[in-house]
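Both of the next two complexes hold chain A, though its partner changes from chain B to chain C.
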Partner chain A sequence: MPQVVGKQYKEILKKYLESHSEEDLYVGQQFSRRFIEKEIAPEDVISIHKTALLELHPELQDEVWDSLDFLIEMMIHYGFTLRERQSLIRKQEIIQMEMNVATKVQNTLLKTESPIVEGLDVGWISEPARQMNGDYVHFINREHESSVAVADVMGKGIPAALCMSMIKFGMDGLVGENSNPGKALSTINRIVEKSVDDSMFISMFYGKYNSENKMFSYASAGHEPAWHFSNETGTFLELDAKGLLLGVKVDSVYEERSVYMQEGDFIVMMTDGVTETRTEEGFIEMKEIQNLLLEVKEKSASQIAEHVYNNLTEAQNHRLSDDFTIVIFKKK
Partner chain B sequence: MNLQVNILEDNSVQYFKVVGEIDAFTAPVLKERLATVQSVQGLKAQLDLSEVDYMDSTGLGVFVGFYKAVTANGGHVKITGLNRRLNRLFEITGLDEIIDIEMRESEDNDGTI
Partner chain C sequence: MKRSSVEIITEWDIVAARQLGRNEAKKAGFGTVDQARITTAISELARNIYLYAGKGRIEIERVTDGGKDGIKVVASDEGPGIPDLRKVMEDGFSTSGGLGAGMPGVKRLMDEFKVISEPNNGTTITATKWLH
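Right after this comes the complex of A and B.
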């Protein structure tokens, strides 16, 4: 193979040395792509050049040949670096493939359906900052009740996607009393603690709306507090409940609380991609997010979620710095 | 962006002074430095974050991992010099209940929450 390339190179070089024309120089440029395609190292390119020149102009002085030998030595390290780079690119392609698989898992296996429960309007948005979403939302529908888990999984790629499927199947298996937020988090925590590596952890807010008594009960595993907007007073109340991140301590206990939802009330559940929005001027204040919510409090749950999303992405020049998730439960 | 981690040993306490922002890019540096001591039996570690103004959940992950490794070996972790934002992060995540933390002195007696 190198002989063929060498022969062709000699022809091109010969032509150029005779004509000095731009056109022949251009042919040479095009030809250099073949070197790259055939993964010919830089030092070998100079060897080919030397061989061609020797055949074309054997009368040249020794200094020319010696200097070309010298140049070959000089190029050897460039060759090493190039090969290293090529192997890095191949590695990167493998990682990219893994990411694509994980994203597929996330988009198919972990799909969730918005709940349909009497008297409750649900709207939500979950957008990844990059390819893979570290935030995870999962709904469960039972007769008269809908539950939601809003989670932020530290770590990306396959481990995170596997972790999310663990949460999903753990949640789907919860029935009766075990589906109450406090108990649900304890159960999920035990699953996560056993199977997750030390620096990977999950924060999760777990809420459940019961359409019979119109109560929203909730518990939190180290997650951002949710907000309860009271239509009567026009104010927000922070819904925080004590509880440690999932996967840190096996016997963690999760406090459970509940609020009554009146007509027009809504619950806002978020991840830190919303509350820790960073703009050029610094962090967005909670008050600003609440003002955005107030502007559209009469609208549907989906419209409320969209309004916050649109405004906060605009504030970041349409480039999310962190995964963004907001879920609204609104009492019709 | 860069992060500096200086280690000082004083009366058997490993003292870490962290300077910079802790995020997805710099957290591996911190993790690597902490990993050099975390398997020491009965380690007493103190992490000074008074010159850390920003940390995201990646950083928190590093501290959780360090805490778990150190306590598993019968050691103790103390984190000091937290600003209000960092302190809130430890409070929300419930980590303040299990890790010994201390706020920055200048922020301790501030009346506004």
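Right after this comes the complex of A and C.
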């Protein structure tokens, strides 16, 4: 094959030496792609050049040939640096393939079904900044109750995602019990404390809506406060409850509080990927997010979540700087 | 088959090893580019001996195998040995400092490559290139 390439190269070089035209330089540029496609090393390119020139102009002085030999020596290191790079790219492709599989596994593992409870409309979005998600949303449904856990592992990517899988098992253990938010968080906290590395911090907001008394009760493990939108007053009330991050202390106690939900009210639960949205002008103001919510307060819970997501990603030029999760519980 | 060697003690010996390698490669019938590759491989091996083992030896031998002709380079030293061979053979390790062009580089320049290394018992690297 190199002989064929060498012959073609000689023809192109010959034409250029006669014409000095831009057109022939363009042909040369196109031809150089073939060198790369065929993974011909730089030192071989010079050797091809030398061979071609030797056939076209054997009358040239020895200095020319000697200097080309010198250039070949110079290019050997370039050659294997290039090959090393190609091999690293191939390795990278393998890692990327493994990542794709891991993402699929994560999506299957962390799959959760939106709750169906009378009088409650639920909408949510959870999008990773990179390929794997360090945020986590999990719903638990009972006859008259709908619970949700919104968690955020500090950090992004694979380590956060691996950690999340652990939380999932803690959550599964809760399904059988009739847990209130405060009790649920202490149970998960004990599991996390036992199994997760000390350097991993996890915050979680746990909320539960009861369709019989229309109360929303909640507890927080160092998580972003949620917001309660009151349709009557048209204002937002911050929902925060005392409690340490998960895994810090084995016997942490989590305060539990509750609010009554009227028709048209909704609860907004988020991770810091939402509240710490960074635009070119700096961090976004709470007020701006609340204005976005107000614009669509009459819409369905899913539409509200989408509206916030679409606007905040647009403000970041469609790149997320952190995993982004928003959950809306809306009283019908 | 004819075998010749250079002791590597000072940096100048690296040049002597290169010269020997190039002469042998030329005699064996390798083209300019392959001569340069074999010489660069020898240069890197000799330099590793000089830098990491203090002293050692480069042996160059013309070999034949079933009608194929080639050149075999043996670099040996009694230095500290290579603690983690897998790491040294990894791409990217060389560029992050350490072994110059690195073992993967030398491996690519040649056709066959073998390392035997024991901690505190030295390293022997054998690399062969065949005439195609």
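Operating definition for what follows: the second predicted complex is superposed on the first by the 218 of 332 C-alpha atoms of A that agree within 3 Å, B and C clash if a C-alpha of one lies under 4 Å from a C-alpha of the other, contacts with A are read in each partner's own complex, and residues count from 1 in each chain.
The criterion applied here is as follows: a residue touches a chain if its C-beta (ideal position, glycine included) is under 8 Å from a C-beta of that chain, and two chains touch if they have at least 3 such contacts.
Owing to the predicted nature of the structure, the values given are computational and were not obtained by experimental measurement.
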Who does A:L88 touch here: chain B (first), chain C (second), both, or neither?
second
Chain B versus chain C as contact partner of A:D152, first or second or both or neither:
first
Touching A:V259, do we find chain B (first), chain C (second), both, or neither?
neither
Quick check on the superposed pair: does A:H77 touch chain B, chain C, both, or neither? Answer first, second, both or neither.
second
State whether A:L56 touches chain B only (first), chain C only (second), both chains, or neither.
neither
Under the stated touch criterion, name the partner, chain B or chain C, that contacts more residues in chain A.
B
Touching residues of chain A toward chain C in the complex: what are they?
43-44, 47, 50, 69, 72-73, 76-77, 80-81, 83-84, 87-88, 91
Touching chain B in the complex: which residues of chain A?
152, 154-155, 198-201, 203, 221-225, 240, 242-245, 248-249, 252, 272, 276, 283, 322
Mind listing the chain C positions that touch chain A in their complex?
31-33, 36-37, 39-40, 91-92, 94-95, 101, 104-105, 108-109
So in the complex, the part of chain B that touches chain A is made up of which residues?
31, 56-58, 60-62, 64-65, 67-69, 85, 92-95, 97-98
